[in-house]
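So, here come the structures, one by one.
In the two complexes below, subunit A is the common chain; its partner is subunit B in one and subunit C in the other.
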Partner chain A sequence: MNLYAYILRRLLYVIPVLLGVCLVIFVLFNLVAPDPAFILLGKHATHQQIAELHHELGMDKPFIAQYFDTVKTAFTFDFGYSWASKQNIWQMIKAGAGPSLSVTGPLFVISNIFAISLALLVAFYRGKLIDKFVLVLSIAGMSIPSLAVVLFGQWFFAYKLGLFEISGYENGFPNFIPYVILPVILYVFISFGGDTRFYRTVILDEAYQDYVRTARSKGLSELKVMFKHVLKNSMIPILTQIIIQIPYLILGLIFAESFFSIPGLGAMTINAINNSDFPVIKAMTILSAVAFILFGVITDVLYTVVDPRMKLK
Partner chain B sequence: MRNIFTTVVLLLSAVLLSSGCTKKQDVNEKVLNLVSPAEIKGYDPIQADDLYSGREISKIYEGLLQYHWLKMPYELVPNLAESMPEISKDGITYTFKIRKGVKFQDDAAFPGGKGREMTAQDFVYSIKRLADSKNQATGWWVLDGKLAGLNEWREKNAKLPASNYDEEVEGIKALDNYTLQFKLAKKFPQFMYSLAMPFTYVVAKEVVEKYGKEFINHPVGTGPYVLPIFDQGKKITYTKNPTFREKLYPSDASPEFKNLLADAGKKLPLVDKVVVHVMKETQPAWLKLNKGEIDYYSVPKDNFASAIKDNKLTPDLAKKGFILEIAPALDVTYTAFNFENKLFHNKKLRQAMYLAFDEKKSNELFYNNTAFPAQSIIPPGIAGNIKDYLNPYKGLKLEEAKKMLAEAGYPEGKGLPELKYDIPDSTVSRQSGEFFQQQMAQIGVKIKIVTSPWPEFQAKVKKKAVEIYGLAWGADYPDAENFLQLFYGPNKSPGANGSNYDNPEFNKQFEDAVVMQDSPERTAKYEKLNKFLAEEVVAMFGVHRQSYILEHGWLRNYHPTDLHHDAVQYLNIDTAKKAELLKNF
Partner chain C sequence: MNTEKILEVKDLVVEFRTERGVVKAVNGVNFEVHKGKTLGIVGESGSGKSVSALAIMGLIPNPPGRVASGQILYRGKSLVNIDPSEMRKIRGNKIAMIFQEPMTSLNPVFTIGNQIEEVIELHQPHLSASERAAKAVDMLRLVGIPSPEKRVKEYPHQLSGGMRQRVMIAIALSCEPDILIADEPTTALDVTIQAQILELMNKLQKELGMGIILITHDLGVVAETCDHVAVMYCGQIVESADVETLFNHPSHPYTKGLMDSIPDFDSTSGHKKERLQTIEGMVPSLFNLPTGCNFQDRCSKVTEACRGMNGDPTLKPAKGDDHFVACFNPLENI
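Take a look at the complex of A and B:
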């Protein structure tokens, strides 16, 4: 199939997915979530004020009309204004994206390079002491709750040793750097165990294939075998694992942003949930859905690049 | 492979090399570093219904009145008003003289970007803005039904596409540029307190109109600090308002604050810059306090044992120059019954449940034994609280409780349905719910704990969809009316009376008391009402909490307070002492 036709077809899938996402968030918000009027109006709200606010927010419209409003938002990307902060939601997203990316960007790059390199190393020395050591370390990393890592890291590295800022954030490069180093290091540690184990398994799966044995029997060095053959042929699951992380980069790290007082999109989303700020929740959900679809398409296209045998259907 | 290793090693080295990357404090700069434990919703005074937004708004905006910084009990004094108002004999008309020469902060909304003089008309506009239903003000309740003609104006304008701010309202008039007159719909002396609350702070019409929906993020007031734009960030930096009027630090004080008079007569504000760090998590804030990066912070529950022993600081903290401030909060915690449920009309049932609850243990478990047991609803420090009064139904008296339950018609709980106990879904609330469940089980009362997220919990109370629920109430102003109204019949849900208690006798006595000016007679009436609620066991009153706050030795003039939203302007930093004390960190 033609690449462009495939991309177009996959992008058209956005339509039913977005309709479904709209339905889910609409049902959750209208049937499960509490009435935002009680939060927005405070503890002294009267019946009349609640009714007036429902009218103002369009919550007294028939359900079907409200659903179409949600659908319209999803397809026009006109997210409007936050109910809580009264800010334009696109401006809020723009303001939050920088701080989020300043943490998730370096984290994404470092953690993947680190995990793939380590996986290659332990695959190379499979069964040896270093493999066993990294295995134990990975399992330990996966077993320690991320909260414990953050609490300890903040106390030990920032407070006791005074190496980093405890928390906070300043906009603009390079002002933000002192504030993001510690969260990045801690989150590399949190993610390295799972990632390394995954990449090691993928690499070892390939390492025992017949063509690898053939390459070795041809007399190729182990380094060449690992990089030219094994790594290249392991790229499909590695790519999938890497690209699937990208939408999360955009959405920010909810827990880290709260602990390190980083004004990113994760903190914004949590705030919106706490305040029943439906327009912001809606915007973030729609953007996530679109991001996942988009990066799904990118992954598929990249498959054909790394493995020409793959055909797009 | 070597290249990849090199890259990884280089990257790690880069990270490690930059590990010394911390910002150094300039101790010579007079900067206050404070914490807000909640997000700031924005800077519109009429929406300042939470303590933290109120505090931020009060750095920029001001009202007619304020609480004297160095007097307890709380005392109202003029702020933007030149003097206290002239009150007509019938207690209906309040006439204020407004301070002359007070300027709004410079902003592009004004011609030439220069802030203009504030006038009485600005207050008329600001009050109407609070009343305008199109603004959905969370603060409307302070004036709802209080000013002559204002509710009518609100209702009339609600139907119009745009509200008519030029239409005269009898209850709020600018007699000239510097004279403002309020006319009450009925006598209500507590009205004065509303003029010290952020909801009634003065705003400029030009600014509201220029920024429209985004006004909430463009604060322009008359106050001591300026913030050009609020970007919803986690760090809010205020600088001194260069056009702030000549406002001086007070020169008189109550005996307990005489030690805070060193800056008497100095021009306010006393520090050049205020940085507010929005930090929801307690650990980073506590660590920052211990590093000297913030100036004061309340002791988190989890750090209490390591910081305080026998109500004193541990030697470690004392050595660093910390000062411990303990202050009773103007609040009460209580377990409410929903009187819409006929079951709770049985007074003996309520009394039996209260007698079965071990408040001492609860205080120990949930407040580190730092709270005062609440005998009724009015906290100490507010006229109407009865010193040394002991509620006969409070405290663990199991045998008496069992006997009372039998008299109520439910011996050992037989015949009594399982009661639902609604609480917000935080860990501490859940633990306190379980404790309540255990206590009631001692006499055979079965409790089912129902947890909901805070908004849903609130909604259930407002919709009367609860049976028993736990809550706390903090004072909006220092008058017993603000607490007693929680059981006033006409305030039933969705009003503040979530118990839906409606006793005609109590209602009448409450109505008689609240229209009286502050006097020994009114205090006697408040005390009587307070005792009545206690002995009726309209709720199971828990505790009045206390704040435990650590401040650094270099911070001057600080004292914990519930109602001084504008405290920051009085605070000062002793930079020499800071440099000295930081050597111990």
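Take a look at the complex of A and C:
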């Protein structure tokens, strides 16, 4: 069975999963959530106004029809209009994606390259001083609450030293650069500890395997042993860890964008939650579910590329 | 022996630092490897056989291990404290090694061909990519793998244990080494495959003229393949002789014990003649070796002399040429 048939089959599996996810979302938003009339029309609405609103939102249809409306949005990405701003939600998402990506993109690349390189370094010098030093630094990074890191960073680097903007955003490259440097640096610090520890464990799991001894017995340099033999065998857990981060790139950093006043998707989601803007929350929920499902498929396909023992089934 | 001496190990001591203190896994070992000859190193698990081999390869994991003293001379050149980049030119090129675990010794995510070509590329950089690929196929053919052109593109998990060990041999021999160290190469294999692999090693030794160090706990394997044998116990060589002398006149009670523990079958009926002999007691812990002879608590010939009043036993000439035994009460003619 070839790779393309395998990919196609994995994509077909997405359909039932998505239908299930839509069912959960439908139950949460249409059956459990409060009647939108309370939010949209206020306390003094008449029965007729409420009935008209329900008709407008399609809430007078049978449940099964409402469920299929939810399913339709998941496949067409036609999410309707925000209750708060009356804007088209897909347009809002497109507008928010740029600012989000301008922070999460560099953060994703820098933090992974940094953590994997550092993990290879400390795995190489395991037990030596640098390993212990990085361990202390990692645990510090993991233990200090991210809010404290953000506030300290804003106060020290932006306010005291005046190196970066404290918060805010300007659209368009390169205007946004001064605004994203600080959040990227601070979030690399927040995430590197856990990532480095994880990658180090994964790499060391492989570093004591018999084939590593064979590689050394051939006369290969330690660098070649680490980067060719060990790294490729560590790729499965590393890939999983990396790809699972990608949906967050698209969805934005929920809290960081609020701290730094970046008008991205994370900030948009927080605003929607604050305003009970259910169509936006629902859109972001569907979007994240789709993103996680699709990147799950991509992870599975990449497994078969890095590990020949994986069967295409 | 009048053949060319290519490797000499003198008074080798290998220490490991552990939580319970420093332990000498190899303690004053001497042996020689000659061109075209096979040296067998025999002993129980933990007797220091594999550690001696890894010390020659410079692959003792450090920390916790290190070569504490002694010399390893390859064609007169010391391999202890040699510059690591110099050692890498010898390792895999002049001295190659195959391991006990064929199932896990190959890298699962690279093709067989890639793993053979890697060592050729490293030590014979003058060969072009196509020459390397051709040589990888030749090596697989040399070790008796059927349809080698197809196999080079396969991954280790597509091969059986015996086939994988053949691939390991192909990797080890692809730079035509002077010395092949085989650390229990047949232990993990079926008996019929064991015989094939040993036969293959003997055949290739004749063709390529390399010296072999064969590490094993199987005296049957020794009898079939070795020219000279060293018996190790608790990190020391207790008896050393050419293979015929050792089997005909074992002098150390431990060697005798090992031979008696070989199952003895009546060759015609296939029935066991008598109850299987074993050596009483346990190997002492390396953390807590007795004073005097390390074998004293398990030995039937033990006397007061063995308990340390005369110091530790050292290798002394015994009956026959090139026969040495470290025992205060060596067995006389049997």
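Annotations for the structure displayed:
Keep in mind that, in the parts below, the second predicted complex is superposed on the first by the 277 of 313 C-alpha atoms of A that agree within 3 Å, B and C clash if a C-alpha of one lies under 4 Å from a C-alpha of the other, contacts with A are read in each partner's own complex, and residues count from 1 in each chain.
Please note the rule applied: a contact is a pair of C-beta atoms (placed from the backbone, for glycine too) under 8 Å apart; a residue touches a chain by one contact, two chains touch by 3 or more.
All values derive from a computational prediction rather than experimental measurement.
When the shared chain is aligned, subunit B comes close enough to touch A:L163, but subunit C does not.
In the superposed pair of complexes, A:T201 makes contact with neither subunit B nor subunit C.
Contacts of A:A215 after superposition: subunit C is touched, whereas subunit B is not reached.
In the superposition on chain A, the chain among subunit B and subunit C reaching more residues of subunit A is B. Look at A:K232: by the touch rule set out above, it reaches subunit C but stays clear of subunit B.
Listed in rising order, the residues of subunit C touching subunit A in the complex are 57, 59, 63, 85, 87-93, 96-97, 99, 101, 104-110, 118-119, 122-123, 155, 157, 168, 171.
Against subunit C, the residues of subunit A that register as touching in their complex are 127, 209-211, 213-221, 229, 232-233, 235, 306-309. Within the complex formed with subunit B, the subunit A residues making contact are 33-36, 38-47, 49-50, 52-53, 56, 81, 84-88, 92, 95, 110, 113-114, 116-117, 120, 124, 151, 154-155, 158-159, 162-171, 177-178, 181, 184-185, 223, 226-227, 258-263, 267-268, 271, 274, 276.
Only residues 1, 4-5, 7-8, 11, 15, 18-23, 39, 41-42, 44, 49-50, 133-134, 136, 138-141, 144, 158, 213-217, 231-235, 277-281, 283-284, 287-288, 290-291, 293, 452-456, 458-459, 462, 494-496 of subunit B touch subunit A when the two sit together in their complex.
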